[in-house]
Every structure is written in C-alpha cells, then in structure tokens.
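Listed below are the structures to be examined.
Below, chain A partners chain B and then partners chain C, in two separate complexes.
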Partner chain A sequence: MSLRAVKIGLGAALVILPSLAQAHLVNSGLGPFYDGILHLLLSPADVLGLMAATLLAGLHGARASRLTVIVLPVTWFLAGLAGLALPAMLELPWLSVLSFALLGVLVALNPKLPAEAVALLAGLFGALHGLLNGSALAAIGAGWTSLLGIALAVWVVALLVSAWVVTLQADWARIAVRVAGSWVAAVGILMFGWMLQ
Partner chain B sequence: MIRGGAHTAALVLLWIGTLFGGQALAHESQPGLLELKQITTDRYEVVWRAPIYYGQPHPARLVLPADWTAVSEPTVRQLPDSALHRQVVQVEGGTIDGSVIRFAGLEATITDVYVRTTRLDGSQFSQVVRPTQPFAELRGERPWHESSREYLVLGFNHILMGIDHLLFVLGLLIIVQGRRMLIKTITAFTVAHSITLAIATLGYATIPGPPLNAAIALSILFLGPEIVRVWRGRTSFTIRHPWVVAFGFGLLHGFGFASGLSTVGMPKAEIPLALLMFNIGVEIGQIVFVVLILLIQHALRVLQFRWPRWVDFAPGYAIGSLGAMWTIQRTWMMFL
Partner chain C sequence: MADGLIAIGNGRLRRLAPLVLLLLWPVAAWAHIQSGEAGGFVSGLSHPVSGLDHVLAMVAVGLWGAVLGPPAIWMLPVAFPMMMAFGGMLGLASLPLPGVEAGIAVSAIVLGAMVMAEVRPPLWLAVLIVAFFAVFHGHAHGTELQPGQNALLYSLGFVIATGLLHAAGIAVGLIHRWTLGRKLLRIAGALVMVSGFYFLWNAVS
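What follows is the complex of A and B.
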C-alpha cells in the first residue's frame, strides 16, 4: 500500500468517523451518562484537540495545567448546554479541524505563552467542541446527562495527561511530546486536504 | 490514603449521585427474562418477563420472527416486579436455530435480558442480550468462551452502574492510611462480597431488594462521619481497622451484586461459570475505579492544587449526605 493511499484512507476515516459519532450517540448499554463518555472517546476531532490542549498545558507547567484542567471541562459543558438549545445541528468541520490542528502546531512549536493564554486557548477549543457536541446531542434527542459524561471525561483526561507531561523532565521526553503535537497538526492538515478534494 | 484526590472525586460522585438519585433508588434494576420452551415438535411456549423499569412498564417490546405463528392468544399477568407475557407459537419446520428475536426499545434502556431455550429432550441453552445489541440469534449450544465473555461484561457493567458501590469504595479509600492497609481493605471487601454473591447466586440465601438497598445506603452513610474524623485527626475503630468494616459491609454489597446476576433463567450447569466470570467482571471494574481514583489523586498532587480548609471536609459531608438521602429514600420505599 502506497503512502498516498494510507494518507487518503486515514484522512477519509478521520473525516467520516466524527460525523458518524455525532450523527447518533454511541450506545454503551449503561445509559446516557456513559454514552456521553464513549461519544467523546470515539470522536477523533474531540480527542485530538483535547490531547493537544492538555499536552500544551503540561509543557507550560503546573499553573497552566491547573487553569486548563478547570477551564476546559467547564467551557465544554457550558457551551454544550448552549448547543443543546440550538434549533438545528451545527456543523463546522473546517473550524473543528482548524482548532485542533492549531493546537497541534502550538504543541510542536512550544512557544512561550503565559499560563492564562494557554487556558484561554483550551477554553476556546472546549467552547467550540462543546457547542458542536451539544447541538449534535440535541439533534438526536439526547440531553445534558450525556453532556455531563463528556465533561467529566474531558476533566479526567485533561488532568491525567497534563499532570503526566508536567512530570517529564528529560529533554527527549519533552521533545517526544512536541512530536506528538506535530502528529496532531499533521492529521489536521491531512483532513484539510481531504476536505478540499 | 487519597485525601487530595478525594475532594474532587467525591464532589463529582455527589453531583452524579444527586442527579441520578431517582435511578439510584432502583439501580439494582432487574434483568429481563425470555423463556422458550419446546412443548411439541413444532410448538414453543414463549414467556417474556419484562421487569418494571424505574417504576414504569418496561419500554422494550418483544418482536418474534415473522415465520412464527401465534396459536394462542397472548396473555399478560402483572406481578409486583414485572409483567409476564405468555403465548404459544408454531414454528415452521420445528427448528428455531437461526431465528432472530428482537427487543424493540431495549437499546434505550440499561436492561440486560437472559434468553433461555429448553428443548423437548431436556437440553437447555442460554444467552444474554444487551442494550448495545438488542436481539438474540438462537443457535443452540455456544462455546464456553462466548458465555464467559457475556458474564464478564455483565459484572463489569454492573459495578460501573452501581454508584452506591463505587461511593462506598471511595469512602474506604479516603479512610485508609497506607498502601498496605489499602490492599488489605480492598481485599477484605472483595472476599466478603464474593462470599455473599456466591451464596445468593447458588440460592442458599437471599435478602429482599428494598431492605437490602436501604442497608447498602446505610453503609455509605456510616462512612461519612468516619471521613470527617480522619480529617479532624481523630481516630476510631473503623479508622484503625477499615478492613473489618470493609468485610462487614462487603457481605451486604455482595447480595446487591447478586441482583445483577439473576440465575432464574440459567441452566444449572452454567451457574458456576456465570458466577465466576460475573465476579471477575465486578473485580475488574472495581480495580479500574480504584486505579483511576489513585491516578487522579496523584495528578492533583503533581499539579499542586490548593483549596481552602473547609473543602477538606467536603468528601465526608458529600458521602454522608448522599448516604443519608438514599437511606431515607430507600427506607421510605419499603413502606410504600
């Protein structure tokens, strides 16, 4: 299989999967709260952006991480509530991809940013994806209990990932984190390419 | 053991517990049961026991294969905890292997359904239908690993749904001091609930649901004041020997777990396997929860979260309040 075929396949999967995941809520068999958790974990755009935001926070130290761990799930949940009230399902694939690709680029470049700026970026990402999640949940008749599951999962992932990155001292380990950020950015660029086609 | 992480975890669980307070009343929601009994070469008696679902008739509807013909009028008998639907059907060719039975609406619930088939020669087969895949394809005897996986998932899901069990384990984690005592306490809880789970599943003893649920709520309420004592630097028998309390209340929780593994519709030969795998599922779920809480505690420490002194008491009051609310609700339910 050629590299181009792999890229196209990956791009197609990443474009299709989020729409599938948002079109209907994944049934965990454990009720809407767990359905929400599963929904987040099966939405690549959400997961990639969440990882990038928390990796960025971790690279900027404990204070940036503390702020992000609080801001990210709160904005996600509040924007989700707003999304639930929207009359129609909101679809912003370009903005969705741009948001996580940008965060991936920032992780890869690791520019010096104030802790508040890192949290603000995470908050903007949380608000955008919360809004999208909320409108998708409303479209399928799901409610805020699923949103609560999503917010809790966001909080746990943000806390664990950013704390783990904060503990990394070795240069190579921090570089590995930045490489992971570049992969997130690369996936975003691939998805842009796919959407253009 | 986990003072730091306990704050957020307890508050989150309190929040969730309050939100799902009504559901928690009946969290030990009963599984459904579909029994197919061959009565002649081409006729089967179909009995569908649809459990009461949060105080209402169960939303799932039984859909039999189109080529099964009803030869008797369906009857419905209302029982205290379920509705019993019964009818006799004629099956073209006499074999039900390969037939697919659907449970319309099951996907919107958290109910599992046991399907038991009894043939004229006395042989029995069973399978579990889950909301994620709300249909049963009848195909006779299945390999043991397939049944094992079903019961393992059943146990794992059961503890994840049991917020009261999780809250009790969280309470123990806050009280316990030291890694060795943590292992001892969790082991005591595990051994105790395994004993009563086995006793109840094998039919040697049962406790009616309402008083059992009230007693489980009481076990959570019991831990509230003990947690506050820990934070005030005081001691008590529970704080010195948490494993004894874990063992004592673990016996109660085991009866609660047993309600998730109804053996009513299970062939006798399958009970030991079901019991073993269900218990392993419960243990895996419990370990996942404990590890997650320990990781959260570690992460909160790494990120140096600080909070005012009054927040120190929040887990104790959170767990105690929720325990009290459930105890009152469930005790009240016993007299309704």
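What follows is the complex of A and C.
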C-alpha cells in the first residue's frame, strides 16, 4: 500500500468520525470546579470586563499588572463567598454593564493612573461580579467549589493577558489594545440601549 | 508502512496536521436556543457587512485614517465604534434622528471626498466628522436590531465587525506610502464618493 493511499484512508476515516454534540455547555460533566471555569468563560459580561481590567493593567506596566493579578481574583472569590450567603439572587444589569463599559473607556483613553488605582478598579469590578456570580451560584444550588473554579480562571486569564500586554513594545500593538478597549466600551453603550428598549 | 512512519516527521504531514485537527473538531450543537432568539454573535457579526452603504463608509474611515497617519490612524477607528454605539443606543431607545439614511449616504460622500482629495484637517475636526456620521450609522443599526436576540453577543459581534472593516480600510490604506498606491487610494475615495451620491439619490427619491 502506498503512502498516499495510507494518508487518504486515514483522512477518510477521520472525516467520518462522529462529532461530539455539546448541548449543555455550562455543564462541563467534570464536576463543579470545571463548571465554574466554564461559567466564567461563557459569561460575556464577565469576560469583557475581565479583559478590559487586565488590558488596563497591562498598559500601566508590570507593577499595576502584578497588583491586579492578585487583587482581581481574590476580591472576586471573597465577594463570591458573600454572594453565596445571600438569600436571593442579585440582578444588577445596569451596574454590570456600566462596570465593563467604564473599564473599556479607560483602556481606550489610557489615562495615566497610579498602579494602586488600576488595581482598585479591578478589585471593584471583581467584587461586583464575584457577588453576582456567588448569588447566581447559590440560586442554582452550586457551592464554593464552582466559585473557586471561577476565581482561578480569572487569575489565569488576568495573568496571561496582563503579562502579554506588558511585553508589547510596538506602538501599533499598544494602540490595538486601546482599540480593543473602545470595542468593549462600545458594546457597553449598545447594551444600555438594549436595556432601555 | 515503515516509509509512512518515517514520513510522519516530514513537513508535508506536519502541514496536514491542522487540517486533520479541523476535521476532528467537534461541532457544538446549541440545542436549546429559545424560540425567536436570533443568532447572537454571528448575527451581529454579519449585520454591518449586510449593507454596502455601511461597508463603504466604514472602510473609508480606515482609508482616511491611513491617509492622515498617526495619531488619526487609530483615533478615527476608536471614535467611530463608540459614537456608532451611542447612535445605536439612541435607536434602541426609540429616540428619533431625522434623515438617517441620507446621513449615511452623505457620510460616504464626505469620507470618500476626504480620501480622494487627501484632505488633512486638524485632528479634532477629523474625529468630529467621523463621530458625527457614526451616530447615523449606529442609529440605523440600532433601529434595525430585532428584540429577543442575545443582546450582548449581538452587540459584540456588531462592534467587532465594524472594527474589522476599519482595519481592512487601514490595511488597504497603507499603500498610501507608494506613489501608485496614493493614486489608487484617490480613485478608491472617488468611487466611495460616487457610491454615496447613488445612496443619497435612493434615500431622497
């Protein structure tokens, strides 16, 4: 059998393999910790704000990034624990959108802020979304393990994104980061329209 | 077969690997989409490219930015999505804006003319011009959005598509550094302007 025939056979076998249908994406099937990770990654409002907070930290250098990488997941987790104890699910859509829209505006404008202020903003965002996540998890009977998954996913994303932005030297690359911030802000502004509708 | 095993390390099979990976990639089936909910992200992504008037104006923003050079090359694409989103918010809030379609057509005329004539106004004026027209584009999109869609994902796709159109304009506009490229850009600007007149004719007739 020629090598070409082997390749074609292998390719044909791969093509006819059945694809996995993921009908319930929020349930990872791997337990509450991984469900928590998926919950974060499938929550666009959380991801947009997380990206904006870490892009802002990255633009402000290594010190702001180090602080943010610590403050953001810790506040997210602690506020999430508080949220788990709430008797009812919190719903603050306006505040949620405002939080990521403001961070997007700050990334786009890139004002000179002290590292502590950048970390504080990230911490406020983390506290708000941690509280919302915690109360949502409590409402569906999930516990702190899922919250830990969320917080660790926040930590990993914050670490990777801010470290990547800190290393950017080229002007165009830093400008691209600011453009991304303007997109986050634009999504926030549009969301206000949707909520007004 | 031994030849095949040895060949695993060669470049051809390595090039085939991404294709095999794509073939194996599981296709997610979202089986529980609510009735009446339109496509969300993909729907938002495709909406700005569904109308030639929008596409030409957004690409022209990128072209003009490339002609103007830094810092306009990035300030215009930053200003446009934010002000377009503001216009979209007005549309979603049902706040009327007169002459939306005519405003979109005039935006193609003005932006095309700016590229064609290589007009270099002060930065604040260039940003103001782009921001002004962006409101019309946003308002049209805002009023065209249907209720019941996944709002955030729709908005995200919508904004990303707009930004990518600007990026396409900037990428094309980089030919401005060459003499022939400059001439081609001016021709492109003229085409956008002429198209704008056509859109205006349709809008007012």
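By definition in this document, the second predicted complex is superposed on the first by the 172 of 197 C-alpha atoms of A that agree within 3 Å, B and C clash if a C-alpha of one lies under 4 Å from a C-alpha of the other, contacts with A are read in each partner's own complex, and residues count from 1 in each chain.
One rule holds for everything that comes next: a contact is a pair of C-beta atoms (placed from the backbone, for glycine too) under 8 Å apart; a residue touches a chain by one contact, two chains touch by 3 or more.
Given the structure is predicted, the values throughout are model-derived calculations rather than measurements.
Within the superposed three-chain model, A:Leu95 lies out of touch with both chain B and chain C [touch as defined at top].
Residue contacts after overlaying the shared chain place A:Ala82 against neither chain B nor chain C. By the touch criterion stated above, A:Ala108 is placed in contact with chain C alone, chain B being left untouched. In the overlay built on the shared chain, the residue A:Ser65 is in contact with chain B alone; chain C does not reach it.
When both complexes are overlaid on chain A, the residue A:Ile189 reaches chain C alone and has no touch with chain B. Which of chain B and chain C touches more residues of chain A: that partner is C.
Once chain A of one complex is fitted onto chain A of the other, the partner contacts of A:Leu159 are limited to chain B, with no touch recorded for chain C. Within the superposed three-chain model, A:Thr145 lies in touch with chain B and out of touch with chain C [touch as defined at top]. Of the two partner chains, chain C is the only one touched by A:Leu48; chain B is not. By the touch criterion defined above, A:Ala173 lies against neither chain B nor chain C after alignment on the C-alpha atoms of chain A.
Of all the residues in chain C, the ones that touch chain A in their complex are 1, 3-4, 7, 13, 16, 20, 23-32, 70, 74, 77-78, 81-82, 84-86, 88-94, 142, 145, 147, 151-153, 155-156, 158-160, 162-163.
By the touch rule above, chain B contacts chain A in their complex via residues 12, 16, 19-20, 23, 107, 110, 112, 130-132, 157, 160-161, 292, 295-296, 298-300, 302-305. Of all the residues in chain A, the ones that touch chain C in their complex are 1, 3, 6-7, 11, 14-15, 17, 19-25, 44-45, 48, 108, 171, 175, 178-179, 182-183, 185-194, 196-197.
The part of chain A that touches chain B in the complex is made up of residues 27-31, 33-34, 62, 65-66, 69, 145, 148, 152, 155-156, 159-160, 162-164, 166-167.
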